[in-house]
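Working notes, structure below.
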Amino acid sequence: MIPLSYYLVLSAILFTIGVVGVLVRRNAIMIFMAIELMLNAVNLSFVAIGKHLDSLDGQVFVFFVMAVAAAEVAVGLAIIVNLSRNKETINVDEINIMKW
Amino acid sequence: MDLVIPKIDALSLCPELVLSITAMLVLLVTVYLPKGRKDPAAYVGLLGIFIALMSLTLLWGKPRYAFNNMIMVDNFSIFFNMVILVTAALSILMSITYLKEEGMSHGEFYALILFSAVGMMFMTAGANLITIFLGLETMSISLYVLAGFLRDSNRSNESALKYLLLGAFSSAFLLYGIAFIYGATGTTDLKGISEFLSRATYMKDPMLLAGMGLLLVGFGFKIATVPFHMWTPDVYEGAPTSVTAFMSVGVKAAVFAAFVRVFSHALWDLQPDWNQLLWILAVLTMTLGNVIAIAQTNIKRMLAYSSIAHAGYIMMGMIASNELGTSSILFYMLAYAFTNLGAFGVVILFGRKGEGNLDIEDYSGMGFKYPVLGLLMAVFLFSLAGIPPTAGFVGKFYIFSAAVKAGYIWLAIIGVMNSLVSVYYYLRVTVMMYMKDPVKDLEGLHWSPSMIVALIIAVAGTLLIGIFPSPYLDLAKQSVLHLM
Amino acid sequence: MKIGQRWPEDEMYKWGSYFGLAPKIAKTWPCLRFSQYVSNFCSVDNWRNREMLDYVWLVPLFPAIGFLINGLFGYRLSKGFVGVLACTVIGLSFLTSVLIFFDLLQLPPESRSFEKIIYTWIPAGDFKTSVGFLVDPLSIIMMLTVSGVSFLIHIYSVGYMHEDEGFKRYFTYLNLFVFSMLLLVSANNFLLMFVGWEGVGLCSYLLIGFWYERKAPADAGKKAFVVNRIGDFGFLLAMMLIFVTFGTLNFHGVFGAAHHNNEVSTLVMTAITLLLFLGATGKSAQIPLYTWLPDAMEGPTPVSALIHAATMVTAGVYMVARCSVLYTLAPVSLTVVAIVGVATALFTASMALAANDIKRVLAYSTISQLGYMFLACGVGAFSAGIFHLMTHAFFKALLFLGAGSVMHAMAGELDMRKMGALKPHMPKTYWTFLIATLAIAGIFPFAGFFSKDEILWHAFEKNTILWALGACAALMTSFYMFRAVFMTFHGESRVDAEVKKHLHESPSVMTTPLIILAILSAIGGFVGIPIIKGANVFHDFLTPVTGGHVAGSVEVTLGNLAYASSSALSYGEAVQHNVGLEIFMMVVSLIIAFGGLGLAYLMYLKDPSLPRRLVEKFKLLYHLILNKWFVDEIYDFLFVNPIKRGSTVLWQFFDAKVIDGIVNGSGWCIKWTSSVLKRIQTGYVQNYALSILVGAVAIIFYFLLV
Amino acid sequence: MTLFFFLLIAIVTVISAILVIVLRNPIHSALSLVLTFFSIAGLYILLNAQFIAAIQVIVYAGAIMVLFLFVIMLLNLEKEKRVSEKHPLQKAFGVSIALFLLGGIGSIVATGVLYGNMGTETAAKVSAVGNTKAIAGLLFTDWVLPFEITSILLIAAIVGAIVLTKKEL
């Protein structure tokens, strides 16, 4: 039996790695992938907590989150593809027409 | 193991169902419409919204849970749903000509608006954090697309990308918060959470508090509170103007509804903990929004900062956290809906294809060239600034008096100071319209019937609520009766 | 109902005797029939004779209708129609006020307070604010003054603005202005009063900046607006405090509670009244918020007349008088009001001494006279303040309209050094202007004499120093006003040859209002004759609202308290007591006024080189005065510029650099950070994500640590 | 033994996750993300969540990551260049704040104590019916409404994706 805290700390680490990824990568797709990592970290927490509480709800949540993530990815990649068609770049450092 | 399917309470879901079906109908209809003449799709959508509005009245006054406490249909959600539906209707009315002018007249636009509205309505009614989350995502995903709807416009693309990345980022925080709350209470059901908290002997479970904080991040992002507000100006500026109008009101209404439900209902026992924090956030939000708005030159951007400031005012109602405060949020939202939609309507009508006529400078002399349009804009701006006898004034008065009554005098004073500051930049537009000579050719305004209808509704709402507010105040008051 | 019953001989009040014609007017006024018809529905109580009182809402409504018609359809209407409509609606307002006035007179003094509630505006919990109107002696006098003087100014404007491109726009704004002012004075609660208050501020902004193409008017408008915002802030805070303290914003409710409830601490009362007074200083241009008014003359001259005489600036005085109950309970505030008033009177009078621009002289004199009114309020003589407000409205409107007439003839020239000897060219203007000057200087028997003397007398009773300062200001007033008259109309002509050819008297549409106002300025003072018992009908009329001023002490009562008669009585006794002294003081006032006259005569007619010698002798003082004591510059330096700069800095700083600013804040290497700050722009998604993260971390740690 | 597996998988997860954000070639990053997802699926199995583990592999590692790879190939992305890094300080700052986040959340969860109400679906109960069946039971009873909302969400997403990318609309 592995203690709950192991999972939760692992999940926190993954979440943080995701956050760092969002902050340091310049490619929009990479940022998006880092966000997926964050969502997976949360999923891990859900399942671990659910198991600890003797509740399957956690797993149900993960199911929903996956659906949401899939939808987000579909739309997000569409936006990124569309952007790269117009702008020839998906480097977020070059995407700043609007500022101040 | 038997599966006991819960009672399918279709009546409770009636408005959402009507709207979803309408949205799909719009998708079907648009296929058969000739290119570039997709207006009927919009009218189908409007019809659906109208039916949904009617069906809302069926549910009024009969609060109930449905689908295993997944949603709560009460006057509170119905009031917000009304605001959302009106917002959607006005946005569609304003979009018809606008999209044609931009060469993007597609039925999918209206379907996405409706889908987004459905998401919003699930948020207002959500009695479970998961329902709220899914509603929020439905709303947001449609909005990401809508923000980037002008596919060939770099600004629109950029706005969609920024909204998407940051929206997904903040959703992850929100979700993490839900996970923590789930861990700390064992449920995501709002009623269950509040029962758990009222029973709990310990109060300072750090996991619960952190979960609450992360929820605050998620909600705060959507309603644009400082420091989660930074996306707002960029996204509002780049998105198609009618989408900006829809976002600025609809998202705020839906998220505030969920916000109030979660914080003032489920997390009520933690009120001392979150109240102080909200105080700080509200002050930061309104101050920063107003101060930065002063230096703006683009009217959409200015209205974006102004909407940040308004989020700050509305938060005052939450901080007051009494019946008066909550009903003042509802009332303010209603007033804000008409006012802000009206202002954006004028911006749409006055705008040109692409980035035309969006600078505040461009409004020079507009009041003389188009006296009626100028007067309308002046009314909307006065209302945003909170100058009587408009809806915005009564709303502010109501919110401030709620804060004063709850003992937050300093908050109210800061609010008053802020609204005095805000008058400066709202009035600047009026000054441009009436006290400057035109800097460029103002010919070529396309008065379309749908836009005229939208503007008339908006201005009628703004003035009616301002001059005869009591029926609406009663409505708002009745809406919060069953909440607490 | 027969007239005889409505106006029974034995119940006649003093005012009634002056206006015996009233019933006839009332009979011919068609609305009255209608009103009798409707009043059966409206009223349940037994005051059968106050039909018009129920129609008080018509007073502000007429200008509102004019505004809407002119504003929405003006561009399709002819100029003539717009002008006539604008004047008509104000005229109707005036007529309605007159009828209401007579109805009010029929009531016994102690019940002369009538509330007409149209509907509940904002119900918030147990507290309700209504759209309602209050008719009592104070508000009716204000309504009469405002609508009457505005009416004359409207008529004058038809002639004055005839050539202007913005004719229709002008009358639209003007109607809105009068509407707001009438709303302000007739409201029955603070919130509705605030609506009018805001409206007045807005319109003054629009009208001062009317000729927006030029920079000066636009700036002046902006200045008026910004300064008024500061005042409004005070008013708003006062309203909040009143709401918290009394739980209502209704005048009767608040004053009743304040009067009967002794639990409210003096401190709170002082705070409320001081904040209200801050609002009043903004609107009524007192120290320290007076700077906008002299610039306000950049608007069209009739607008200046309107702002300076009937509307806008009187709002502050009215508000203080309206809240006399509160002020009386806060002696500290009264002292502040008196000191600020007298200081303003003296200070701005000194500025007027050296001004060469005729409108500027008048502007400073307005501030100075407003100072008098506040001095009156400050010493507890609220009715004297209102009296002066009324007479001042007459002669100041006349002065501005006269100045406008001069401008009209001089092709827009305002510099008095380029005038002189205009008397033969424009006799009507001259004579009316002279009457107004006599009135403002306080020379018997013109209107200003009575009101100013009453103020000075009450100030004398209260504090000799206040009196001395006030008298000093009176001397200056007399001096600079006669200086203006002599420089403009007498002496040698210094008019440009080109202009001289066109010198002409103004058309009768402009001179007629002048003459009417001149008559009012000449005889208007007789409604408030001092000394003789019962002759100060103005004072007695106002007593139920503002309280009687009894020598040495102040007593205040409410409109609906049966108090008035006894107060009037005690006032009469008090007057008899000091009759000798008061007559002496009158003579002193007169001497002062004539002193100013004589000094001006000496310097500007008899020996025109004297001023220049004086200037050389007192160079520094002269320059200080000429440059308005550099107050504007100091304000710009202290407030305006830093705010402007601060906003820009904040804007660029927060969205662009706050994140790095935190790095900066951790106090590393300043030089190194500044180069980073310079390089980093925003618009980058990751910046925004970082902001979210920072917020999230801050919130989590807030919960962990707090 | 389980602990050993856990640690092994956890280390793989963390390393592959770090690789996601450090590798400069997007394709390599995506592939390490796939690895991360696989190892998270392994953790799900350790947690007795077989169904979730399965859809983690199918949906996440399969569908979603393929979509990612597809788009990366489509856009023909080059390696991110290390030069011309625009805001190094801001990023350093961001990373340190993220570490604060880790510290904050870590300190909260490290106690491993949950105060929440216990549910009824104990491991024994669930394994008696079977994990998938139990979840299905929940999804179609208690959670049927969110399940339906998901369908609307997916429609909206599909419409959105088409609207944005279809050549001729």
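Quick notes on this structure:
Each chain carries a letter (A, B, C and D) given by its place in the written order, and its residues are counted from 1.
In this text, a residue touches a chain if its C-beta (ideal position, glycine included) is under 8 Å from a C-beta of that chain, and two chains touch if they have at least 3 such contacts.
None of the values given here were measured: they were computed from a predicted structure.
Using CA-based centroids throughout, the chain positioned farthest away from chain B is C.
Note on interfaces B-C and C-D: more C-beta pairs are in contact across B-C. Chain C has its Cα centroid 42 Å from the Cα centroid of chain B. Between the Cα centres of chain C and chain D there is a gap of 69 Å.
Between the Cα centres of chain A and chain C there is a gap of 64 Å. We define each chain's centre as the mean of its Cα atoms; on that basis chain B and chain D are separated by 30 Å.
Shown for chain A are the residues that touch two or more other chains, namely 15, 18-19, 22-24, 31-32, 49-50, 52-53, 55, 57, 64, 68, 71-72, 75, 78-80, 82, 92-93, 95-99. Counting partner chains per residue, chain C shows two or more touched chains at residues 651-652, 655, 682-687, 689-690, 693-694, 696, 700, 704. Residue positions of chain B touching 2 or more other chains, listed in rising order: 130, 134, 137, 141, 144-145, 148, 151, 160-162, 165, 169, 176, 180, 182-183, 186-187, 206, 210, 233-234. For chain D in complex with chain C, the touching residues are 86-87, 89-91, 93-94, 97-98, 100-101, 104-105, 107-108. Interface residues of chain A, counted against chain D in their complex, comprise 1-21, 23-27, 29-30, 32-34, 36-37, 40, 43-44, 47-57, 59-60, 62-64, 66-75, 77-82, 84, 90, 93. Chain D makes touch with chain A in their complex at residues 2-3, 6, 10, 13-14, 17-18, 20-21, 26, 29-30, 33, 36-37, 40, 43-44, 46-49, 51-52, 55-56, 59-60, 63-64, 67-68, 71-72, 74-75, 77, 80, 86, 91, 94-95, 98-99, 101-102, 105-106, 109-112, 114, 116-123, 126, 131, 134-135, 138-139, 143, 146-147, 150, 153-154, 156-158, 160-162, 164-165.
For chain D in complex with chain B, the residues that touch the partner chain are 104-105, 107-109, 114-119, 129, 133-134, 136-137, 140-146, 149-150, 152-153, 155-157, 159-164, 169.
Taken in their complex, chain B has these residues touching chain A: 130, 133-134, 137, 141, 144-145, 148, 151-155, 157-162, 164-165, 168-169, 171-172, 175-176, 178-180, 182-183, 186-188, 233-234, 237-238, 301.
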